[in-house]
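Labels run A, B and C following the written order; every chain starts at residue 1.
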Amino acid sequence: MNRQRTSLFRANRLKTVVVVTRDVVLTSIIDRFLKDSYSIVVFTKIEHSLDYIYNSLPDLLIIDISLDDVVTIGIINDLKSDPIFGQVPVLAVLSDDFIIPKWDYLFIEDYVRRSYIETDIIAKADLCIKRAERVIEINPLTRLPGNITIIKQIQRRLETGEIFAIAYADLDYFKPFNDKYGFGRGDEVLKMLGRLILNTVKHKQPNSFVGHIGGDDFIYIMGPDLVESATQEILDNFDRIIPTFYDAEDRAKGNIESIDREGIKKTFPIMGISIGIATNKIASYSHYGEVTERASEMKKYAKYTGGSCFRIDKRQYASKN
Amino acid sequence: MDIQNLRSQIEKVDTLPTMPSVLKKLLKVIENPKVSLNEIGNFISSDPVLTTRVLKVVNSPIYGFPGRISSVSQALILLGLNVVRGMLLGVSVFEVMERAMVGLWEHSMGCAVTARIIAQKKGVKEPEEISVAALLHDIGKVVLSLKFTDEYKDILNNAEKNGLYISEAEKAHFSITHAEAGAWIAQKWNFPKSLIEVIEYHHKPHLSKNIPVQSAIVHLADILIQARGFGFSGNNFVPPVHPAAWQALNLSETDMKEILIEMEEVLEQAEDFLISSE
Amino acid sequence: MAKISVSNLNPGMKLSKPVVNEANMILFGEGTVLTEAHIERLHNMNINSVQVEGDSKPKKAKEEVLAELDARFKKTENEPYMGILKKLFIDHIEELYK
């Protein structure tokens, strides 16, 4: 089947720009200037463009915004908070009397004033796309932030004295899965896991943080009061979804078989997920290393128990620093 | 039109429209900022077009695990509330709502609940998967009538006038039936193989190599719901059950009686849900 | 909209008006879909009748339903197992209308 050929390798095709505006004049100006370099798709309302965006991941979104259009701004912000679709750069066209808000309220990459459209649109569009292409430290599989951001996130919370919990998750029996089914399918599992953790955690607590260290190692940071229920949800949902990544016979048996280097047949159960949690609710930490070490210890405990489970650190601890 | 051409025409279908009453309800559901994924999931699971939409996005290569997800609840967990809301905002409706289309919705929904009841009776694991397959088994009819509106109207008339089954009338005109059309689009949209197989073989369950039991269940559910007269599949006559499917399921008379009773209860509730538009 | 005696209630019926007690406190709100448990409570509370949402189309007569069933099966009633199926449905419908 040709599924995998719908690849994301884009160098040779014309980049797509989605334009959202009701202004016919604006549409024709943008079209006139950009059509030679880009494939333009126009919508009159952002709601209509979403379906297209979610199915084809365009290279740039140009949108006409007025300050009182709270709904549109909300939709843009939601779009930008998704790891995959948030990568689409957004270039806003602002009317000349649009007062620039605090950027916390409008997640766009750049803007151009209506009266400067003709002079600036090509440069701005090119710049937005180029900027998005520069590698930011995100995991290529899940598009989640990596180590540098993770460390910053932990350190910041320690400095401000915020009470938080950090959970460290990885998979049990991931290697045998990769050995049997190949790295391609292993990657699928990781992509799924990334989305699963992200959505579950963010749904529980919008201002949480989810990071991907690498391989099957994930981290999330949220309030200590919600972390256990969020974690249980992740475990439950993972156990429900992961069987679909196995072939039917293995799924029915509940395990996979392989031969190790000595020629001995070994069976491995269906993957589970182990999560270790540490929190500064009762302990005090001053360095990110201490926190991650605790969480890592807890994760080791969790691994001793078969199947998906989590362990949370209930001991008091005082930082040596 | 030759088959290759027909297939590529069908594969061009990007998005399917739904019923105005569904859209109305849908907007209410997603407007509510406190709505849970569960509630949205239940609503989506009752409509074949919304279900298809969700499955298409979650199985898209963009997410990176095509062909894995056939459950609406799992799809919603992986997509996240924001993406789901955004996706549903762009739903369109059939401009001209034919009576036949409304009947088809009821038929699909009825088939889904019936299949679930049978699956539970047989102790099949994952009844939700079968329920989804049953919900989508006739999606080919939606595709064909969207792409070839006037011709499909003729086909329906032909079936009625001449006492044909809808598949016979489709085959006479297109040389394929809605089963093939549905399977083509499901394949284009990277649906899991098991789902594609049920859609393709729901009229010929004996040809389903990989999941004979699931196909048999959906096949039987399709017939039972038509026998009960719930909804409209395009057939004025109940098609015959395939003997192999009946034998494979091996349901006793008591089983059947209980299935019919459960069907009755659930269908009554379903009717209210579908027809009320407030 | 129909006023139905409590002894004729079936699960799945939906209240079109709230049910109140003597003190005018609402026991079951408008729109409540009645379950077996609800109905039992209503019995025990000595409430005589409630208003339920009736079908805007009146329920079909049994004869009509059976006739339609017969017509639907005309083409295949002699095929394997279809006779059994038809009989199952006839019995089922008879039960419904008892």
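The definition used in the following text is that a contact is a pair of C-beta atoms (placed from the backbone, for glycine too) under 8 Å apart; a residue touches a chain by one contact, two chains touch by 3 or more.
Only a predicted model underlies this, so the values are computations on that prediction, with no experimental measurement involved.
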(request) Point out which chain occupies the most central position, where each centre is the mean of Cα atoms. (result) B
(message) What's the farthest chain from chain B if centres are computed as the mean of the Cα atoms?
(response) A
(request) Averaging only over C-alpha atoms, locate the centres of chain B and chain C and give their separation in whole Å. (result) 27
(message) So the centre of each chain is just the mean of its C-alpha atoms; given that, what is the distance between chain A and chain C in Å?
(response) 49
(request) Return the distance between the CA-based centres of chain A and chain B, expressed in whole Å. (result) 32
(message) Going by the contact rule set out above, which residues of chain C touch chain B in the complex?
(response) 11-12, 14, 33, 53, 65, 68-69, 72-76, 79-82, 85-86, 88-89, 91-92, 95-96
(message) Using the touch definition from the top, list the residues of chain B that touch chain A in their complex.
(response) 14-15, 37, 56-57, 60-70, 74, 77-83, 85-87, 89-90, 187, 190, 192, 210
(request) Flag every residue of chain B that touches chain C in the complex, lowest number first. (result) 163, 223-224, 226-229, 236-241, 243, 246, 253, 256-257, 260-261, 264-265, 268-269, 272
(request) Within their complex, state which residues of chain A touch chain B. (result) 1, 3-4, 6-8, 47-51, 54-57, 75, 78-79, 81-82, 84-85, 141, 187-189, 191-192, 195-196, 198-200, 202-203, 237, 240-241, 244-245, 248
